[in-house]
Amino acid sequence: MKPRPTELDAVANDAVRGRRTGGGGDRDLWRTALTQIEPNKILMRGYALDEIMGRLTFGEAIYLLLVGEIPSPSMGRLMEALLVSFIDHGATPPSTLAARNTATTGASLRACVAAGVLGFGRYHGGDIESCMQFLDAGLALVRQGTNLRQAATTIVQKCRDNGEVPPGFGHRFHTRDPRAARLFQMALELEIEAEHIQMIRAVEMVLHDHPDEHGRTLPVNIDGAIAALCGDLGIPPTIADALFIISRVPGIAAHADEERQRQQPMRQIDPKDHTYDGPSERRIPERRK
Amino acid sequence: MKPRPTELDAVANDAVRGRRTGGGGDRDLWRTALTQIEPNKILMRGYALDEIMGRLTFGEAIYLLLVGEIPSPSMGRLMEALLVSFIDHGATPPSTLAARNTATTGASLRACVAAGVLGFGRYHGGDIESCMQFLDAGLALVRQGTNLRQAATTIVQKCRDNGEVPPGFGHRFHTRDPRAARLFQMALELEIEAEHIQMIRAVEMVLHDHPDEHGRTLPVNIDGAIAALCGDLGIPPTIADALFIISRVPGIAAHADEERQRQQPMRQIDPKDHTYDGPSERRIPERRK
Amino acid sequence: MKPRPTELDAVANDAVRGRRTGGGGDRDLWRTALTQIEPNKILMRGYALDEIMGRLTFGEAIYLLLVGEIPSPSMGRLMEALLVSFIDHGATPPSTLAARNTATTGASLRACVAAGVLGFGRYHGGDIESCMQFLDAGLALVRQGTNLRQAATTIVQKCRDNGEVPPGFGHRFHTRDPRAARLFQMALELEIEAEHIQMIRAVEMVLHDHPDEHGRTLPVNIDGAIAALCGDLGIPPTIADALFIISRVPGIAAHADEERQRQQPMRQIDPKDHTYDGPSERRIPERRK
Amino acid sequence: MKPRPTELDAVANDAVRGRRTGGGGDRDLWRTALTQIEPNKILMRGYALDEIMGRLTFGEAIYLLLVGEIPSPSMGRLMEALLVSFIDHGATPPSTLAARNTATTGASLRACVAAGVLGFGRYHGGDIESCMQFLDAGLALVRQGTNLRQAATTIVQKCRDNGEVPPGFGHRFHTRDPRAARLFQMALELEIEAEHIQMIRAVEMVLHDHPDEHGRTLPVNIDGAIAALCGDLGIPPTIADALFIISRVPGIAAHADEERQRQQPMRQIDPKDHTYDGPSERRIPERRK
């Protein structure tokens, strides 16, 4: 982390006197390694965008942009699944309600999306770092010679001593988060599964075998599964944060659009009073599997 | 469009008196057709999310969520390309600069992304509707019997009479927007190309053959290409707006993250003083083509 | 309004080639007339900020910054009242709910405020321009010789012919908006009242004498009162828009803070299920009047 | 701080099954103590809004709403000065640049303001809590019997040992922040000055007498002055955070509006290349002092 700056709200004033930030009087150039723009050419991480179009999927391009390299086919498939997993969770997450409340005032779609994106605070998809630190604490014990089960037991106990639920666990509604289960299954099949996922599965078993004093068994949730998967994919926490946001933006946009298409403006939105009237459960056609 | 509400800033007060919005005293349920949440099951447009994971790409899932059906393979490929096309355009679009300026203050990634998303105003990827209306005006003439070239000439002339540039055309830097060209090429190859794309290609030729008084030939740009493609894919303007935002969010997130990783906090960001130091131009490996 | 730019998403690329925006190759300086920063000196519209502090109120300083001159004592008093009038309207306006939904996720206060600010769409405090145009249409008739009552009748009828409610009128809950009444009273006492307020009062009387077919008499609301007052104060619509936002930000911040102080995180916020438990009605002490 | 919730992204699902948040099956009402809405009556902290209008200034109403009581005349004057102090700081703070970059895309004023509000991260007006904690550490020593100067020396040394600048100190451009000086002067004159301000003045003297190894004397800045003043006014850190945002919103709005009025859309905004062309320095007329 960068050192705390020695001034607040003042660097920007340099323009008034023509002084350049960063000391000295030279014209330092700042650098970006993401995308280069040339006349009639756009190079993203070195690859021409019009060459990427049609050859990489959006999910693969996202990985390329954020991580810097084209993913292997296996990593690409997991990236797609990860991005699909968090794409929407119905009308009632607070972020989605913030977007719908913005939409009902007649605001533009981008205002609705921005409002929804802001609703990923500490308690809602914004805690990847805690989860990764939690798993890393267990992995540190493993590297020191503790077995996996014992390491998991130790880090769970530490949470309980602090009166906390382990980050990445728990879901009021789902007792088995289907998205987490599917990610783990794919990671196993694609031979990506490694120590982070193994650690979180071990924690899951410890919690299952030793419910807390309320008798709750806490399932691993999608935040935890994504944190573990990113750990094993070598994706740092800040990029994992970005993947959450990227994944959920289509859901937020869809709800904002639906609010404007189907509802009266300036309506009072009570999450308790809604129901689903979309398609019944259906299966993906065989030829797509 | 919905009728203008008869009250402002008041509907929300009904809660105080327990009166329900929408007249009558009944408990009306409001409806969503997007995603249904059941215990241990998440159904997006009727499909189980854990079944979609691993079988549809993120791009295909976005189409499914926003439009309501799984896209055909051809439409899916175009959707991926469309989403890739707008994913980033370097460090200097105003939306990206807004995100970087937010990042330099130490704000969270979601705050940076929200700030960037807000920078898609009327002049910057937010004018799909104008472009679609422009093309539809030309197509109305065609349906009345005018030939394509003449219809294009007419709608271009109308813009010129108003002192305006046709929406979807022009780029200060690119004389040929590679992203637009690629989208049109793929639409042709995948046999999606239809009247909207044909209309915009006709306008492109009229502009080419008859430069304005400044001698400028205006190329079709990515906004125009996406508008035309969405017209032919049957994607309404509001959903097309959403696709712009969804596409660019990874770019905004990548720049915000790079700003925080590489730069001092509270720096003065001069777009003129930057350069690219990422990978040199490289080609996608053959086995991916 | 500025002419539509001839390029989209490209101006920002000039930095790559070192070309300056705005034609020519010279280093043009862009200008601001708001605040000048010198070493140890901050001049807002020419006045030293530390001289303004303690001599002008926040409301007067807001006027000075937005309009460019120190307000007269009467205008200053009306500015304070205008800014107070919209400061909050309870927990259930959609913008406030967006802020509370953001707060419940653990997001920062500024994220909550930003989310709330976005909820001022077309239907919610964001329609000053329509109201000013409506009043100006009536005033144009008056300047042509029509009497006030007849002009008001004409513009009301035009709205009714379009199936619309006149902008600035109507409130589901209040049959007499106390904030509008108070603003008009103060404008009269301070001898600020002029043609815009007179026009909106005339419209109010026409609506009162001629209810619509539903038997509704529509009171003037705070949006309309502010629009009329700004018209008579010579404050342009864009600045009036700013005053709405400035006024409501404290309310949004207060609700976001209260949500975090009093409620559990990640709670489901049903506006219907809330009640007030603050101080009972009380009077401002005499010595402050 | 509230205990970490035991579920993530699930509470909101209760609506689907009709289960209420908070356990039990009863319809619990949630409570707000801020503003009560009755037909034709709006009570803010118990006071009728139309009674507050014209009797309290906007600054006093802000205090009432956020803190819960009408401020004394002295506290009211300090509140006005505090709110004026941070109202704007020119065109180049990152938050203001984020707002201008949003404005240049043609986005609405509220989008520009929201983007600017998001730019108050950890390093930019968002560090009140650190500063208050820093001062409280010193005050704890004083309560234990250490004299003021020694306590100040101790807490400064602790920062230096950590390689940090004391929070609330330092300004690249100003060697004496005129806003901080004025706040302290007013606090003294109005007999509000107490232990927090005394502590920060003591730290200021320690830093002045013992420059760091770079020879820098760090002046107290406006963030520090506001933090100290809020400490002595009994205003908690979260409310102090709100005051920063409330204060700066007019500045952000003014710059966004000026950007739209004076500049071409989609321009590249280089903070280095701007100059001031507003009024020359002028004095507030005598009759206002």
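We call the chains A, B, C and D, going by the order they appear; numbering starts again at 1 in every chain.
The criterion applied here is as follows: contacts are C-beta pairs under 8 Å (C-beta built on N, C-alpha and C of every residue); 3 or more make two chains touch, one makes a residue touch a chain.
It should be emphasised that the depicted structure is a prediction, and the values quoted were computed from it without experimental measurement.
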### Summary
Shared touching partners of chain C and chain D are A, B
## Note on the structure
Cα rotation angle, chain B onto chain D, in degrees to the nearest 5, is 180
### Task
Count the C-beta pairs in contact for A-C and for A-B, then report the pair with the higher count.
A-B
### Query
In terms of residue numbering, is the interface formed by chain B and chain C classified as same (over half shared) or different (under half shared)?
same
### Message
Quick check: how many Å separate the C-alpha centres of chain A and chain C?
### Response
37
### Query
How far is the middle of chain B from the middle of chain C, if each middle is the mean of its Cα atoms, in Å?
31
### Task
Can you check how far apart chain A and chain B are, centre to centre, with Cα atoms defining each centre and the answer in Å?
22
### Query
What are the residue numbers in chain C that touch two or more other chains?
4-5, 7-9, 11-16, 36-37, 89-92, 94, 97, 107-108, 110-111, 114-115, 118, 120, 123-124, 126, 173-174, 265-266, 268-269, 271-274, 276
### Task
Please categorise the chain-chain contact pattern as a line, ring, star, complete graph or other.
complete
### Task
Mind listing the chain D positions that touch chain B in their complex?
13, 16, 36-38, 92, 94-95, 97-99, 101-108, 111-112, 114-115, 118-124, 126, 265-266, 268-273
### Task
Would you pull the chain B residues touching chain C in the complex into a rising list?
3-18, 20, 89-94, 96-97, 107-108, 110-111, 114, 118, 123-125, 127, 163-165, 170-174, 216, 218, 221-223, 271-276
### Query
Can you name the residues of chain B that touch chain A in the complex?
2, 4-5, 7-9, 11-12, 14-15, 21-22, 27-37, 39-59, 61-62, 65-66, 68, 70, 77, 79-81, 83-85, 87-92, 108-111, 113-115, 117-118, 120, 126, 173-179, 181-183, 186, 238-239, 241-242, 245-247, 249-251, 253-255, 257-258, 260-269, 273-285, 288-289
